[in-house]
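Below you'll find the structures, each written out as structure tokens.
Both complexes shown next keep chain A, but they swap its partner, so chain B is in the first and chain C is in the second.
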Partner chain A sequence: MSLLEVDGLKKYYRTGGGLFSTGREKVHAVDGISFTLEREETLGLVGESGCGKSTLARLVARLEEPDGGRVIFEGKDITELSGKKLQELRCEIQVIFQDTYSSLNPRLTVSSIVGEPLANFNMGTRKEQKERVRELLETVGLNPEHAARYPHEFSGGQRQRIGIARALALRPKLVVCDEPVSSLDVSIQAQILNLLKKLKQEFGLSYLFISHDLAAVSYISDRVAVMYLGRIVEVLKSRDLATEACHPYTQALLAAVPVSDPRLREGKELIVKGEPPDPVNPPAGCRFHPRCPRAIEKCRSVEPVLNEVEEWHQVACHLSC
Partner chain B sequence: MVDLSQTGGADTISSKTILNVRNLCTYFYTRQGVVKAVNGVSFDVKPGRTLAIVGESGSGKTVTALSLLGLIDPPGKIVSGEIYLDGRNLLGLSREELRRLRGKDMALVFQDPMTSLNPVFTIGTQITETLTCHMGIAGAEAKIKAIEMLKRVGLPHPEKIIKRYPFQLSGGQRQRVMIALALSMNPRVLIADEPTTALDVTVQAQILYEMRQLIKDCRAGVILITHDLGVVAELADEVAVMYAGSIVEYGDVYEIFDNPLHPYTRALLKSIPRLGTKDEVLRPVQGQPPSLIDLPGRCAFLPRCEHGAGGCRAGVPPLEEIIPGHAVACHRVIAAKPEEVTLRELA
Partner chain C sequence: MSAIYRLARDKMALVGLGIIIVIVAVGIFAPYLAPHDPVQVDLGQKLARPSAEYPLGTDHLGRCILSRLIYGTRVSLSTAMLVLTVIIFISVPAGTISGYVGGRLDNIVMRIIDILLAFPGLVLALVIAGMLGPGLLNVMIALGAVWWVGYARIIRGMVLSVKEKEFILAARSCGTSHSKIIFRHILPNVLSPVIVLATLDMGSLILAISGLSFLGLGAQPPMPEWGAMLNDGRPYMQAAPHLMLFPGLAIMLVVLAFNLLGDGLRDAFDPKGTMRG
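Presenting the complex of A and B:
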């Protein structure tokens, strides 16, 4: 049994909520997504901004109500959970956010922030909670002596460590990481990526790791899912990403990653031009066809489905390799 | 030192420089103390060449750029140094003279195009205003020029774009407008401060590709400020690595990537994840950058340095040319013989 199973998940947002709007326009943020996440696996989710990856994260963590589809966690359908049952789920699934400025309460001390989940769930006595906070801060590489400080006294990387400590407080099984390193300096990014890797091994965690940085995703993930306009277009093992990726969009993303050596920049060519189309009116057929360099007639009318081309490798493309 | 008598009107010979910065110091006088944001920085910019200034947040790269443009406001102050644009010292100019120079001779592209474009004017108005102000072109002629500029940066349907407001454009389109605006004056120096950091990889790749062409065509000297070594590898000709307000390594881009000498540069290169090297463990730079108040009288990188030794406490290391065209500020590298250094004996 997989830890997490997502089946045909959908989320639409109404737009143009103005006075004269008909309210009929919908942003197809997540439009029929299915995938599984195994125990102690890290699934990376990449895509351009607006492709729906953060919405998907929020749906999985039940921070957002889906408009269709199911989320199954440890064999239980959690899509309809509410009240006490939903609260219990929070012990199992936790989130690490991108923006450490808005996700940490500036008026609370670090020990209150990290201890809040423990207090909410009455985990042990006050003294035990305090001890657990110290232990958590140490685990994420912060000095427990600093527990009485406020978030603004810490640098970006340290603040992200506070966010990680809070997410781990309840010993969750799944941690949804929504762009956890995107706003950090390169040298600090590597520290956080390594910390997340270490914690995963130590506590047997599973991650849903969302990022637009292909290199970071492939470094931390076991498998990578590529999203485009609310759909998954390819899922494959991250060690195969650079060599086996066969969806033209995945290839375009790979080609867009800046070179690691200036000698490689000569003769580099652009595969895709332009920007993703408006998710209010996604193109008919394959959503990528207007930007696809290899599109054929069929792509304009028939939407491809996610097909297994080999074990652990699924592609949604009519040309699939 | 550069012979300044040669620098005037030298836009055809690439070996001559447009902009020379010598020993620039910009400090901020705050209640907590003096923040030495830029502390003795020197570099040259040549026409058609791109100098990348790389460093972490707080290393002083943006303050360096703002100092060049005379945009340092109190409590900040340029304490000392010289900035020569075509042989003319900018630090001796009046506010009005500097204002005329900004946008025309020296243009700036910011990281966030949403806040640097005026939200209540159309794109067309903003470009034609600049053209009128600096070049005296107005009316239909300015409009034609504006459309032409937008076409040059790869924007589709420029005649429609000029009628739009910034919020109607995507981040990538706005950044293209900023680049068009910056290049419309044929500036001598273009300063690009994290021009692609806020953009998606696919859009970043397109903008970098176009910038490379545009820089080649317009022969401006470019200062590229970034924390992303990938962007450096895509665009730079020369690299200056900044740490705690000083340049710690300076050299040709190929040399910096092939043969990084300063432990900080090496650490930075080792800390970026690369595609297809999954089993390689990232080696992050441990610790945090130092506070710029009360910088110690020794190498500022020492607390984070893997190779630190007792000798590193002997004063702030000077930026010394170790190999022709490759300078480094590290006591250990300077003390070692260059041949040993190139053999990566320190790695």
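Presenting the complex of A and C:
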């Protein structure tokens, strides 16, 4: 049994919504996404800005209500949970956020931020909670003596460590990382990625790791799912990413990764032009066809489905290799 | 606390705070400071010029103006404070719930506010006070009923912006209840602009109360109230200008002091200047 199974998940946002609007315009943020996440696996999710990555993260963590599809966690359908059952689920799935500034309440001390989930679930006495907070801070590499400080007294990397400590407080099984390193310096990014790797081994965590940085995703993930305009276009093992990727969009993303030696750029001309289409009116057929250098007639009308081309490798493309 | 430190370095704000403290003290110790009974009529002394016996002179009924000003401090300040408390108690829940819950409820609350804002505030207060009849309590009700809308609107706007912060999502994802989110995460981040606004508005409120009293709707004789004193002195403005001069100066001084303190508080809480209109 997989830890997490996502089946045909959909989320549309109505635009406008004023008094006199018909509200018929919908942003297709997440439009029929299915994937599975095994125990103690890290699934990376890449895609450009606005393709619905963060919405997907919030749907999985039940911070938003889906418009269709199901989320199955440890064999239980959690899509419809509410009230007490939803509260219990919060112990199992936690989120690490992107923005280290807005994800910590500036008016609370570190100990009350990290201790908040413990207080919510009445885990032990106040003294035990304090002790646990110190322990958590130590685990993420912060000085427990700094528990009484406020978030603005820390650097970006340290603030993200506070966010990680908060996410670990309830000993979750799944941690949804919503671009946890995107707002950090490159040198700090590596530290945080290594910390996440270490914590995963230590606590047997599973990650849904969202990023637009292919290098970061392939470093930390076991498998990578590539998203484009609310759909998953390719899923494969991250060690096969450079060699086996066959969806034109994945290849384009790989080609866009900066190379240290310009001479090695040879043969990497596949650069996607233009901007992603408006998610209010996604193109018919394959959503990537207006920008795809290899599009054929069929791509304009028939939407490709995610097919398994080999074990652990699925592609949604009519040309699939 | 860096905000208090910044306030302590703002000389104008300290001047404002000093004046306010003095005025509050004057109000508290009125019976010891006033040379005469503020309602004691002495028709033989009416419209007297300032003298050693009556430092600021007497009014048309021979009452000591200084004593009336000193006792009037109590009326003006306590009425304004009370109205402000009522305003805060209506607007904070209304604005917070409207902004946090959103949707249809938000729409209804905002439309009510729009309707109230469509009328000039003081004129609407005048109508309400007029309908309820003269009296200080009715003026307070009228001002409270009109004044809360601006606060509710501002609070709602700030709640909306705080609500979108990721720490609210983080709180939800770790199981914090809605009421706890409001009290622990939203209100503390919204309250400092409200304090600034309230301080700045104290002056306007005192002015509004005095204005309504001047029109005969607020404090009723013989209660010493600054606006009512202005009204009393109006027929004698040419013969005895001190009847209007001193209450007018008192109002000006208090309004000025609250504005100075309010400006200072705004700069202290918000050094980047995002609250400046």
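As a convention for this text, the second predicted complex is superposed on the first by the 309 of 321 C-alpha atoms of A that agree within 3 Å, B and C clash if a C-alpha of one lies under 4 Å from a C-alpha of the other, contacts with A are read in each partner's own complex, and residues count from 1 in each chain.
Here is the rule we go by: a contact is a pair of C-beta atoms (placed from the backbone, for glycine too) under 8 Å apart; a residue touches a chain by one contact, two chains touch by 3 or more.
Everything quoted here is computed from the prediction, not taken from an experiment.
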First (chain B), second (chain C), both or neither touched by A:Glu48: first
Partner chain(s) touched by A:Glu116 [first = chain B, second = chain C, both, neither]: second
Touching partner for A:Leu170 - first (chain B), second (chain C), both, neither: second
Which of chain B and chain C A:Ser301 touches, first, second, both or neither: neither
Contacts of A:Asn281 with chain B and chain C, given as first, second, both or neither: neither
Contacts of A:Val259 with chain B and chain C, given as first, second, both or neither: first
Comparing the two partners chain B and chain C, which touches a greater set of residues in chain A: B
Chain A partner contacts - residues on chain C that touch it in the complex: 107, 165-167, 169-177, 180, 184-185, 188-189
Touching residues on chain B, where the partner in the complex is chain A: 56-57, 156, 170-173, 200-206, 208-209, 227-236, 253-254, 257, 267-268, 271-276, 278-279, 281-286, 288
Complex contact set, residues of chain A against chain C: 19, 58, 61, 63, 87, 90-91, 93-95, 97-99, 102-108, 116-117, 120-121, 163, 166-167, 169-170
Chain B-facing residues of chain A, complex: 48-49, 155-158, 185-191, 193-194, 212-216, 218-219, 238-239, 241-243, 252-265, 268, 270, 272-275
